[in-house]
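Reading through the structure tokens given below for one structure.
Chain nomenclature is as follows: A, B and C, assigned in order of appearance, with residue numbering initiated at 1 for each chain independently.
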Amino acid sequence: MLSKKVYSTAMIVMMAASGGAPVMAQETFDWRAHDGTDINVMMSRHPWQEAIEPFIPEFEELTGITVNLTKLPEQQFMTRVAADLTSGTFSQDVFMTQYYDAPTFQAEGWTADLQPYLDAAEAAGYDWEDFFPAARDVSSIGGSYVDRIAITSEAQVLVYRTDILDDLGIEVPSTFDELAAAAERISEETDFAGFTLRGGASNWWPFYGYVRSFGGDYVTVPDLEPVIDTPDASAALAMYDRLAATAPRGVTSYDWDEINTAMLSGQAAMFLDSSVIFARLQNPELSNVVGKVGIAPMVAGPAGPVGHSHFWSISLSATAPQPEAGWYFIQWATSPEMQGRIALEGVLGARASSWEVDGLDAVFPAEFIDAVKTSLDTAVISPANLKFFELMDPLRVQIQEAIMDNVEPASALEGVQEEWARILQ
Amino acid sequence: MLIRHGRFAPLLTLPIVIALLALLAYPLIVTLGQAFWVDGGLSLAVVRETLSTAGFWQVLSNTVIFTVGSTLISMLLGFSFAYALEFVEGTRRFFASVLIIPLAMMPVVSALTFGMMLDPALGVVNAVADLAAWSGSGWHTETPTALATVMMVDVWQWTPFCFAIIHAGFRSLPADVSEAARIDGATARQELFSISLPMMGSVLLVAFVFRFMEAFKAFDVIYVMTQGGPGRASETLVIRAYKEAFLFFKPETAASIGVLLLVTTLIAARPIGRALTKST
Amino acid sequence: MRHSLLARTLALLWLIIGTVITLAPILWMLLQALKRPIDQIAFPPRFVFTPTLDNFTAVLSAPGFRAAMQDSLIVGVGSVGLGLLLGVPFAYVLSRSSMRGRFELAEFILSTKMLPAIVVVVPLLQVYQNLNLLDSYTGLILGHLLVVLALIVWVMRSFIDALPVEVEEAAYVDGASRLRVLTHIVLPSAVPGLVTVSALAFILSWNELFFALTLTGTNIRTLPTYMATEYVGFLAVDWGRLSAAGLLATVPVVLLVLVLQRYLVRGLSMGAVK
């Protein structure tokens, strides 16, 4: 199944494009064309799912389509989707996707081509150009056709405890060196852990921002030559290792959840991870640190501030029992209007207009919007390819070994380089 | 041997054969095909590639350590509790009821709970250890202790299974035999090793076999707590098969691991089955 | 029989240690279940807090939880029932006949128990698609059959082995049919064994996650799936609800074991010791 060589170019520089709020021309569009149809929609548990779920009855009202929603936590979601797609028993019409899976899903023909639907929608005021350029590129990142519409944009940002930095008189770090120095000072002079990061199964996600900021990369594009053993990448891992040393003990089991918990419970002072974590820190029911959290753009390495960005997307299954009605759900969910309303629920979307919707300043502090926009300006996504997760596994292993000081950063990455060469040959 | 001839025995056997064939024939053929059928011919290429993946031998040795360790410790603990229960009266029912509880906990829930309790920085276990002036452990988050920690949780979960069976074994030993031994002046140790244990051979074997099989394919606890990490410290063959199939989309590699497991189990099932047959 | 004071004290001490280790995580779950979210992740962990029953009421009033419990019961009872129906006759054959190949088949059944679900689930899904079994009670019951069958066959065989064969021979001499001997003589005497093996098999089905997650869809959701999907969200595990639900989910099993305890001990011992 992996013989088909489908590579995707993925060096996408994101720009926070501006665009006026689009005029809705949906009066002419027949939303009731699939009245009485049932569709199956599968979502991963995610802030976007939490935000859109309450609006689904409105969609059912508007279209007369009944939505059967299945929502699973990311782990179970990926297992279910993979098992059903592989066995050919996938019965969903619409499902959430991430850009890493695009090459595999297209090579296997699991996702439907959305271009015809997009063309029809455009006539009804869908306004494709309203999506950020990077989000439009993500739609066809699988290499051969448009099979997904971005629903969120996340960027790597610096989140920090304002009170701790103030107490020690530390300026908000803007470079990796300042960040590491600040984290080390906090760990030494206070009871807090200076920093927290993903040391667990998805450590490759934030680490990509480190590697790019230090001038390195994972693999070349489009030839997919591994370049993880460069001095730049080693320096990035040394930095990751140095910051991990200031993190709470047990950081090798940390993913988003644990980073979040370490901040919420007031254990750690800073992290450099996805902007989507921020909203939760301001929830007084969960958080001990409400009002004490600041946010700043991605810090700079020798090659500048190059954070990792992420887009969740939704796709139409190639075997969807109700493709037309399924597309209606996608069109509705990714419409300028819905993306705006979801932004007001605290989830920033992939449409430029959703970042300028009225009332957004009441949901997010201005510094949050600024920080995310600034970070997105220079952010990149990692090179998706057919063997993406297979490649990430040995990297994950060696990052953990380096964090635990079982191996030096440089030789850790040499091991990864060797393994990647074997996988990609 | 009561049913010697005729159709009665085959008739009683037929339903189970049909059910197993319907469920497993196709999956087994597909699995074997994926593992050995490459480009229209039989080949060991997939198996060879599987054996050469990074860390495969470590994963294999983790599997052996986890399976054997978990099984033996559960058996020893289960046996010791069941034996200790022979020395108490009055409280016996209470202890028997309490010691069986973990079996009723769903492995997913207990794995999540243990993960949180054992978190080196935030968890309650190290916090309590701190009060005792012990700096605690890295538990499932550090190389030296990760495999032992997931084993420990697995042992917590499944010791009651061994305990329940062995306890029943002790309870059913005929009282007159041990009393006779006692009158003859046998010590408690002689009684245990010369009388009780030999009579309980098959009880111990049943407990051992089914405990061993659960340990061999343990998934929930390891995946929830460590996903095989850190590094590959707690990765077992089942965890690897899962990743190959559902994360890397390499069903053929997962199948070849499956075949490896199946062959092991078929080889293992034979002597185990024979032993079970003889012992009763 | 009396043991020395020292032996009894040591035994009691060991049992108390065992009880503490067994119960500690469960007590911690109980504490978590009684906490508000902000107390659940507090550091250092809190032992003193204002308790709330919110988590228990939320779990009990969630329609999904009750539905999941019902699904788990149906699947558990169904798979154990079917397992007994298929497994006990074969166990009888295994014990009482000289049919060729019976041990090879029994060993194969034993090895299916060791084959991880992960390896066979993808082709199994295709089989289910063709037989129209996906997301149905029948489908999951058949899936769980693979989980319980080996236990039922092998444990029941040792029970039947332990029954005195003379009674059956006498019945034949009196002219009873083979089927009548099985249903009227063997099965009634094997009741303790049936109870024991049913309880253990039920627990295996009750706790099974992987088949329950992959072979079902929107119609059926068992308790392990419900708990792994409902209280584990993005960026957070809902510790309070998860702990409450986890404790509540053990109630039927604990009740089952308590009710059957007398049978369990008698049953387990009967088959296992001759």
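Criterion: a contact is a pair of C-beta atoms (placed from the backbone, for glycine too) under 8 Å apart; a residue touches a chain by one contact, two chains touch by 3 or more.
Composition by chain, UniProt nomenclature: A = Putative ABC transporter-binding protein; B = Trehalose transport system permease protein SugA; C = Trehalose transport system permease protein SugB.
The structure displayed is predicted, hence computed values, not measured ones.
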(message) Looking only at C-beta pairs that count as contacts, which pair of chains has more of them, B-C or A-C?
(response) B-C
(message) Based on mean C-alpha positions, I'd like to know which chain lies farthest from chain C.
(response) A
(message) Quick check: how many Å separate the C-alpha centres of chain A and chain C?
(response) 40
(request) Report, in whole Å, the distance between the mean C-alpha point of chain B and the mean C-alpha point of chain C. (result) 15
(request) Mark out which residues of chain A touch at least two other chains, giving numbers and ranges. (result) 79, 83, 86, 261, 265, 267
(request) Check each residue of chain B and list the ones that touch at least two other chains. (result) 121-123, 245-246, 251
(request) Specify, in ascending order, the residues of chain C that touch 2 or more different other chains. (result) 41, 43, 122-123, 126, 228, 232, 237
(request) Would you mind writing out the residues of chain C in touch with chain A in their complex? (result) 36-38, 41-43, 121-123, 125-126, 128-129, 134, 213-214, 217-218, 225, 228-229, 232-237
(message) Could you list, by residue number, the parts of chain B that touch chain C in their complex?
(response) 1-4, 8-10, 12-13, 15-17, 19-20, 22-24, 26-31, 77, 80-81, 83-88, 91, 93, 95-110, 112-114, 116-117, 121-124, 127, 130, 156, 160-161, 164-165, 167-169, 171-173, 175, 178-179, 182, 188, 199-200, 202-203, 206, 209-210, 213, 216-217, 219-220, 238, 241-242, 245-246, 251, 254-255, 257-258, 261-262, 264-266, 268-270, 272-274, 276-277, 280
(request) Name, in rising order, each residue of chain A that touches chain B in their complex. (result) 1-2, 78-79, 82-83, 86, 104, 108, 193, 199-201, 248-253, 258, 261-262, 265, 267, 387, 389-390, 393-394, 396-398, 400-401, 403-404, 406, 415, 419, 422
(message) If we count contacts the way the header does, which residues on chain C are in touch with chain B in the complex?
(response) 1, 3, 7-8, 10-12, 14-15, 18-19, 21-23, 25-26, 28-29, 32, 41, 43-45, 85-87, 89-90, 92-93, 96-99, 102-103, 105-120, 122-124, 126-127, 131, 142, 145-146, 149-151, 153-155, 157-158, 161-162, 165, 168-169, 172, 178-179, 182, 196, 200, 203, 206-207, 209-210, 223-224, 227-228, 232, 237, 239, 242-243, 245-246, 249-250, 253-254, 257-258, 261, 264-274
(request) Can you check the complex and tell me which residues of chain B touch chain A? (result) 52, 54-55, 115, 119-123, 126, 138-143, 225-227, 229-232, 243, 245-251
